[in-house]
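Sharing a structure here in structure tokens format.
So that you can tell them apart, the chains are marked A, B, C, D and E in the order they are listed, and the count of residues begins at 1 in each.
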Amino acid sequence: MNRLGSFVLLVLLLVGWEAGCRVFDVPQLVLPAPSVVAASLWKGLASGYFWPHIRATALELVLGTLAGCALGFLTGVLMAEAAGLRRLLMPYVVVSQVVPKLALAPLFVLWFGFGTSSRVVITALICFFPLLENTLTALQQVGPERLELFRLLGASRLQTLLRLKLPSGLPGILAGVRVAVVLALVGAVVGEFVSANQGLGALVIASQGNLDTPLMFAVLLLIAALGMLAYQATLLLERWLLLPFTRTS
Amino acid sequence: QAKPLDKFTVAGWSKPITEVTPLLVDEDKGFYKAQGLALDYVPGAGSADAIRNVLAGQADVAFSDAVTFLAAVDKGEKLRAIYDIYPQNVFNVVALKSSGITKPSDLKGKKVGVYSLASGTRQNLQVLLHQAGLAEGDVQVQVTGVLNFAPLLQGQVDATAATDTGLAVGRRRGLGEVNVIEVGKYLPSSSDLFVVREDVYQQKKALLARFLLAYRNAAAWMIAKPEEAAQLATKRAIDGSDPAVNLEIIKLRNASSVSDLTRKQGLGTIDIASLQKAADAYRQLGMLQKAVDVKQVVATDLLSGL
Amino acid sequence: MSDALVIQDVDYTFPGWPPVVQGANLRVEAGQICCLVGRSGCGKTTLLKLAAGLLQPDRGHIERGADAGFVFQAPTLLEWLRVVDNVLLPVSLKRRVTSLDLQRAQQLLEQLGLGALAQRYPRQLSGGQQSRVSLARALILRPALLLLDEPFAALDAITREELQHDLHELCAQQGTTVVFVTHDIAEAVYLGDRVAVVDAGRVAQEIAVRLPRPRLRSSLPFAEACTQVRTAMHLDEEAPA
Amino acid sequence: MNRLGSFVLLVLLLVGWEAGCRVFDVPQLVLPAPSVVAASLWKGLASGYFWPHIRATALELVLGTLAGCALGFLTGVLMAEAAGLRRLLMPYVVVSQVVPKLALAPLFVLWFGFGTSSRVVITALICFFPLLENTLTALQQVGPERLELFRLLGASRLQTLLRLKLPSGLPGILAGVRVAVVLALVGAVVGEFVSANQGLGALVIASQGNLDTPLMFAVLLLIAALGMLAYQATLLLERWLLLPFTRTS
Amino acid sequence: MSDALVIQDVDYTFPGWPPVVQGANLRVEAGQICCLVGRSGCGKTTLLKLAAGLLQPDRGHIERGADAGFVFQAPTLLEWLRVVDNVLLPVSLKRRVTSLDLQRAQQLLEQLGLGALAQRYPRQLSGGQQSRVSLARALILRPALLLLDEPFAALDAITREELQHDLHELCAQQGTTVVFVTHDIAEAVYLGDRVAVVDAGRVAQEIAVRLPRPRLRSSLPFAEACTQVRTAMHLDEEAPA
């Protein structure tokens, strides 16, 4: 039903866009009509032109997400467990977030080289923050009576973390993962803007330089599709992880 | 007070930087006010932005490099170039002295940096390679970002494509001994043009002519009084905090603003023949799909009336 | 006999509030059952948490053996674990759960009338069932000291009396020491070797219950012991008319 | 104590950086020493060169954060209340997030002009997502027995939302605000990369074009300081809002 | 007299599990107090939630007046509101809170022995205090029907008996109908005009308590009524020896 609604909405948007482009005779350089974009997309896919780029970005996305989520989660756990560490490190974390990666990307290249790794680092750096904040908050929200229970049972700090705080903070943490996955793709693409010869981000820039706006939109579409895919995968993971909270039998 | 000023917007390829001082000093010098214009500068990140803003009606005239202009025409956009801002080719390829790279053919197999895949540096690198019978595939093109000399110093690229001002600033920042291959030696052609939409050109000739006159006066002033321009840039340009650097940049731009033709026919005169040659070269390189007849897309009448 | 729990001159104050426990003294001999009764808010739970080491006394001194089982006033089950896993939680925090543990958990649940509910989640249980699960959790490791905060409050009379019986048997068998908070005077008298009346944060009076086991609730000595406790609680003016 | 620790760490980092630059004789273009950056920073501040740019970015940050948080919060509430709406709109929201704003910024300019508004829109668009996701999750985590209570009391949907779901979801929502505020600054700066004559982002680009790395680092420092300020303000707001949960008397 | 609550032939099943309520019938006349007793897990809470409209019966039919006060088995207070605001919650959801409401809330708290705790947060209360706050919350709007799920389970004998007395007075004054779930048979007999024994999801037996008020717990007819209920619950075989 809602998939249908979503689809109908999509069709309406596309038709409106196409009509707008034709009626107002919008220059292709400014905003290409969907039909033109579709043609460009099809051409790129059929000729195999897009595939290496998709593969490059997907690889960075996966590696960056894994690294960033691991980092964000671990830092969040550490900071939640040691308030002192939080006060010590949080300023640096905030700085690492607000400083535009785009400006630092040239320096990353100096440090990490031109390979995939420099972009994986950027991706990880961009996506680790939401997970950090959500983990931090979720772990601190455990009811005091449960903490008392675990103290009574002589649970170690690690056990309390793994067996109590993590499961009960899971929904909040997973909200952070959803945000992180989406940001990771942004990170990967932005990293490619600056320093990559391959990948969807590099294609965007190249198409901008060629004034090939239809190609740029086609690439943006691919990026959107990749993002949807990653997001849906996260939702599936989430549904599976939250089963114990939702199962009725 | 006299009659109200007409709004006039220039879409640039950059932020309001020292290079474009003639567009930034109206408050001090009044070149445009004198023509009844209230000038506005909208920034962009590359010439494509400038062209796009003009096409969308956000600006009256675009400050665009020649390649981007020709590519837009090639894509079927109705545009016209009305003023040659820099008749000289300002692009070059820079290598460290120690690399032994001195001519285009030395680049074969090397790693060469460009600002971005969208930039004029890349297109001009291609031109250069073509001269040596090489194609882009014969070198490793590496995107470096605008801080392009840093990887060069660090040895992460063997050479890097740049502009004359970029190189000058780089030298100031401690680039050291380098070999410079100037693209202008191989393809002497215009770097940047003022570009307008065909319909605007047809309908607002008078207005455009007033603007061009004002710009020509401003450019002439900058050529005549580089020190004053450098001083004003400290106030008006976003990157102009150091007057000494400003002066160096301004002198370079003054040099690229004049050619034999402009000395004869006045600043801004478009050299149709050399632009046609460039267009043909770009076509050969595959940067353009169709043959562009430059005569059809430049306008000389606006300047000749001044 | 040695003491399994000693509370000596203990004070406790929640910061910013009037003192809750003041000069509390309690000794429970190993193997004894001591019932705490007292008015709501008099400090029973606080005393129990002090005994368990969950709160640190501001003054005074507390001694007890290492392992204690605790039943909170509210069940406090983990909602993402099935009933049987909730029961096995204390075991799984100590070591790998063996099939023997599983057997024992199942048997405990059986005994508490929850045999059929082992695979449910806590949200699928009634209030009384939840409180029994938390009792099973406290019993699974056979601790030497049990601290129980109104474990039977949510149970019906039958279940309650059955469980009182079972609990006593179990503790007698294993020599478990029990501190048992309850509001039910008959329960206190049935279970307790001693009944401690708590008032204003201290043990105001201790009443030894010297009835032989099994105790008959309908017997006269039982009723007399109840009256004694009621008197100590100033309860025997019949409820206001 | 931890402020001290954080400060000591900072000093150590700076000293190490300075020493590294001097010992290895790193070219300024590659990595300027802190002393050089400090000089550039001081010069810009003293001459008043930075102030209009700081003001511009701060304005965008404030407006964008307000708009983005309002949007994210409201969308989150709507999606939490109407699961259908979530399935309908979420794909579009994800697309709006993964498509790189940097590529779209030129188009934003066409739609919203060159004024502050186009950057405020970008900022809002970037920062609304974490708040959306966290609101969505936090509102759905209310205990069923509380919902039953409110149903029994005949509370309207709005009342249940305002008086029950919001207060109990507050910690999670505020975690989203913390992420949003930080992302908002990134958004403002990136917006300025493309379409601004003024602002710290514009200054970064200008300094790069000038190969003035010390200036670039000085501007990055300003951005970091602005980010820290915004983050600390959020923490204060949070502490105040969560008073009812933490007060002991 | 008219019925304030009618439950007719009601079935309820939690999806995927065996039926919990099956063929339940209950009528409570306006102004009457009906006590529900029954073993833990027999379906009392479910029945009460059905009566309150929180659950929809799979079959059968339920009738009741518009406004009902409810006390959940667990206190369910909002932890970010002070005690007095928790009590005033039902009012504030209907209209602006007046100073009269505030007065009434304070008076109710006073009556429940919580006068001094009005400005605390729930986390700063003992278990019994919390359950009394939730009772005050149910009473603040003077509903015509009260559905109480073991409201006194966490209270000591004195407080409990006082509150039983107060509750009866209050309801008699205002003509409130009460359905009262309890595990305490004496409580059921003291309060109830009728005691309904619930078993396996239906009302197995109803016992009218025709004792004059005030009822004396120590009187013989009272004891007899208790015995009658115990028998109906199969409780009078003394707990196993």
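We adopt the following convention: contacts are C-beta pairs under 8 Å (C-beta built on N, C-alpha and C of every residue); 3 or more make two chains touch, one makes a residue touch a chain.
These are the chains along with the protein names UniProt gives them: A, D = ABC transporter permease; C, E = ABC transporter ATP-binding protein.
Only a predicted model underlies this, so the values are computations on that prediction, with no experimental measurement involved.
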* Structure fact -> Shared touch partners for subunit A (ABC transporter permease) + subunit C come out as D, E
* Through what angle, to the nearest 5 degrees, does subunit C rotate to match subunit E on its C-alpha atoms? -> 180
* Could you please state the distance in Å, as a whole number, between where the Cα atoms of subunit A (ABC transporter permease) are centred and where those of subunit D (ABC transporter permease) are centred? => 16
* Per the centroid of Cα atoms for each chain, what is the distance between subunit D (ABC transporter permease) and subunit E, given in Å? -> 51
* Structure fact -> Distance in whole angstrom between the CA centres of subunit B and subunit C is 86
* Junction residues of subunit B - those touching two or more other chains -> 52, 56, 145-147, 150, 154
* Asked: Considering subunit A (ABC transporter permease) alone, which of its residues make contact with at least two other chains?
  -> 30, 106-107, 110, 193, 208, 248
* Asked: On subunit E, where are the residues touching two or more other chains?
  -> 14, 17, 74, 124
* All touching chain pairs, where touch follows the definition stated at the start -> A-B, A-C, A-D, A-E, B-D, C-D, C-E, D-E
* In their complex, what parts of subunit A (ABC transporter permease) are in touch with subunit B? -> 27-30, 105-107, 109-110, 113-114, 193-197, 202, 205-206, 208-212
* Asked: For subunit A (ABC transporter permease), which residues count as touching subunit C in their complex?
  -> 145-146, 148-155, 159, 163-164, 167-168, 244-245, 247-248
* subunit C - residues contacting subunit A (ABC transporter permease), complex -> 49, 52-54, 67-68, 70, 72, 74, 76, 78-81, 89-90, 92-94, 121, 124
* Structure fact -> In their shared complex, subunit D (ABC transporter permease) is touched by residues of subunit A (ABC transporter permease) numbered 1-3, 5-6, 9, 30-31, 84, 87-89, 91-92, 94-95, 97-100, 102-104, 106-107, 110, 129-130, 133-134, 136-138, 140-141, 171-172, 174-176, 178-179, 182-183, 185-186, 189-190, 193, 201, 204, 208, 216, 220, 223-224, 226-228, 231
* Residues on subunit D (ABC transporter permease) engaged by subunit C in the complex (per definition of touch) -> 144, 248-249
